[in-house]
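The letters A, B, C and D name the chains in turn, as written, and every chain counts its residues from 1.
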């Protein structure tokens, strides 16, 4: 492959997802990080500045100057310098930005899963529907939970045919750096039936019959899904384990090596030397995968801070016309340390 | 009904369950609390003493005396004074006590759900199988989770016929007064497939086809179950809500009155003036009950400290020959403030 | 004492504090609860209605009616029927209500510690400065933390003379029924130096030299204070323990009886059969009280939901002209089960 | 400097501290990691193996083989190949290992702060007493809390003279990867007066007059200290801030850049790209440093998993005869990314 020009990428919103995607863009040979936006001064901005990432600021200019951070320009300057924007601002700002900036400036944009599906032409998970995003202008990388369900259910559906799925999703109450949200001591059911996650999975796996319920708990590390699937075929447990071990961006972990909880998965990721201790892969416990007749049960853990990071990278390539999905996934994986 | 003699009850083990059952026994007109055992000196013993509950001590005698608590006798003294013992000691001490004390002394005994089913002739949930415990010598009141599932699934099975159940059980990591157990920040899957809860429900609802998975989280208040049921009939959501509102020891709570979590259920119970703030009823959210075709979904919360308390009371009556299940349940409910 | 007319009391705001004060008012022989306000429909309103407490509603009338709760009137009706109002609305609504309603209607009012001191003529802790509130129109019952510090430091100052206090206050992040606030996994310092608690204590103990620092943690049960005091005299540890055991609304708890944490204090309160499991007393650990030369160290735990409840009751009496502080305290204590 | 032979280092115990020290040793130009011990098979062993760290195993050999991990030898083989051992096994195994292995084999050993001071000739914090460890055979790197207090108080004492210190230490209940320990919802006072931390600081800062109290809370991230110091001199707040900014392995963080809690410090460390997201420096909030007359107040946060890692590295050099403390500290800092 010869890439004459690197893809010029801008990141709008430099929070949990934005800062990770920025780092990932910088690791790609075929991409160039033009810069990020910083709406307010904080330690993330200090680190971006240390790492020589250009910061394009919309407001708060004075505070940046007081802290000796030189700004690279304003928002328009960023938009004028990029081929594509990854909008990682909190919902519903993505949609607002689209109307106000991206459409008028005729700039391609990727949105995140907090936005509603209609913000984009396609909802995206690389290993499920890469081709659908080819050359599109607006694509939405789905949420961490939807990404997780799509990766595993997509592979299972392809191999055995799924007739029905029910997933109970136990969600972390807040991200690790968020001190404001609870619950401190409660289990909080999501009182919509079904939860919105099921329909969201269908934006990627279009014909999947899936029903989801959800709860929030007092943890910051990962979400956990208890999934029960009705299959057309009757694979053995070993066959399913094998399938999942050979599915990209999915990792089979083992109680046998003392990975017994979300805490230990995160510890494992730190030990692996991952950037920020991230676990991009959806993790399933080998000991909790069970196939019986045409039913399949499994438990999977989702690192809400990072599993969509590789998706954003592949999405850039698809939208810019890079045709080979498998090759893109391999390139992205290699840079992030995913086997 | 004329009761000539009150049933003489002894409690072995004065922890989370034991102290509650003791209080409940004292509220019954047809029972007399002969005393409780206290293996070690602590604040629970101080309160029992304040409330003039006789304490029969096995060891630690000196420490009780130093703290001016007069003991009523030793373990044998207790056993010789009662018609029935409720063994609330931590597993597997119930089984040990049976072999060592209850069989040799020919004394009837109730065990708790931590013990294995074979400790007893029958596993018991009053509204499901009261009659099976009639005049038996050894009966096991099942665990809080099994009690919860039996109450709701029992009623649903009777009304609509159940072909299949899957429940994901999100468990509190430790009881409110327990400072030693975690997790502080993790979701911990139970890595047995299925979890032991399914087979345990079948000790009460013998033919139920049920599969359960479980996780532990950082909370002390209640367990929560996400349940999906396949039915023979096709009731409407309203019919199911109605059925559950008319099922004893089940309470339908509402998001509409700002009961949005286990924390608010516990706050509700405190407001109701319940002893120790207990919620004996299994709580289901009206907004999370959904019937569609022959599928039924619901979320229920279980107060692990107290839901088995009324069961122990009814179990005493059944084992002592009181025949009318419904009457026993009503008597117990009235004394505990259950409508 | 002959009380010809009961004091007519209205409660404005029926949350954590309001509902408790309402219950306490109902327990007093010399008081009558005219009613409470309910700004929105929720389970607390359901319980108030069950307990036949008149509800005066400002808004949300329709929702109450839909739920079959008959309202007793509007806010003016309540104000016109009472001798005194206890304003338990969240800050800064107390101050607003004063300007808008209490001054124009010439009605006496008690405010809570969330309001600034200047909302009232006097800040109040019964055992410290009851007489200052005599016949006043506007008095502020101080916050839970200030109440706690005032009770113990007031007694210590009287006995030994305090030259200097430093307290580190470790605060619960949210109340038990609050699922919205964190932190889930962090220690959060209060970055004001000193924290506002020190100056607030001086609104009650006017000349105390006190410096406080504070942090929030992931707990819902109680606050904990680590206190170090410089004294004029040099009491022994035993003398201090004795002093505190004989100070009203202070409780010396013991590790020796397995009260090792805030969780076990709350469990103790539940076992004691306290309404809502409340612990009105400030709890100090006997094993953590240490006097050495002219320094005194202790650790105390504060039940933020309830320690100000008896203060509000005594405050009513003082403002209505009841002169005998000690008698009022005894009357209040007896009704609440405080020894 | 010419180093002819690298120092051969062995690590005994590959847990929270051991794995970090192993990584740090590998980063030093003048050291060689001969290997680590692995008593049981788990994911940490998998990562060590991936990173080609030789594993010397005492037991569990079969399990390693089953998982395709080739062992480098037994414990004696490790001892025979090293100049010095860093014993990171849980207390009190360090002492046992000393008697059983290190003394008989005449091998130098570093112990961790969980061991009692008498396990070693010297207790060590590099910037306080490097020279005391010169050429010694047995040295103890003190605990994370003692290290933190020594670093800041050592600098303050040197600059202004300390007459008295009181510190309240709020400790995390368990490490991030530990799912077994609580508390889930409590504040647990350490009921020893004073806590052991004060005397432990004196093993490093020998004449310091310090009194400490401690509590445990439901967090996994860092400890927090509220410190109050009586000084001989009267520095301004700005002078103290300046002093601390210029003290090695101490970091002044700022609320102004939204570092408001231990959670955000850890997030900052992840953003900085630190190995495992570690924060080796003791962090003080600029906004919470206050000097008034001869009193100084500050709040500091301690990363219990990592602050002793650089100490272990410097300790190796001191014991092996490297004389220049400042140079060692600089070498270590540079490899770990500490400014």
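In the analysis below, contacts are C-beta pairs under 8 Å (C-beta built on N, C-alpha and C of every residue); 3 or more make two chains touch, one makes a residue touch a chain.
All values derive from a computational prediction rather than experimental measurement.
Because chain A and chain B share one sequence, their contact can be compared position by position; here over half of the interface residue numbers appear on both sides. Comparing the CA-atom centres of all chains against that of chain C, the greatest distance is found for A.
We define each chain's centre as the mean of its Cα atoms; on that basis chain A and chain B are separated by 43 Å. One finds 47 Å separating the Cα centroids of chain B and chain D.
Among the residues of chain C, those touching two or more other chains are numbered 176, 178-179, 183-186, 188, 218-220, 260-261, 263-264. Contact residues on chain C toward chain A in their complex (touch as defined above): 173-174, 176, 178-186, 188, 218-220. Listing the residues of chain C that touch chain D in their complex gives 166, 168, 170, 172, 183, 185-189, 191, 193-194, 211, 213, 215, 217-224, 226, 228, 255, 260-264, 285, 287-290, 295, 297, 299, 301.
Those residues of chain A whose C-beta lies close enough to touch chain D in the complex are 19, 41-47, 50, 67, 176-179, 184-185, 220, 253, 256-261, 263-264, 266-268, 270-273, 275-277.
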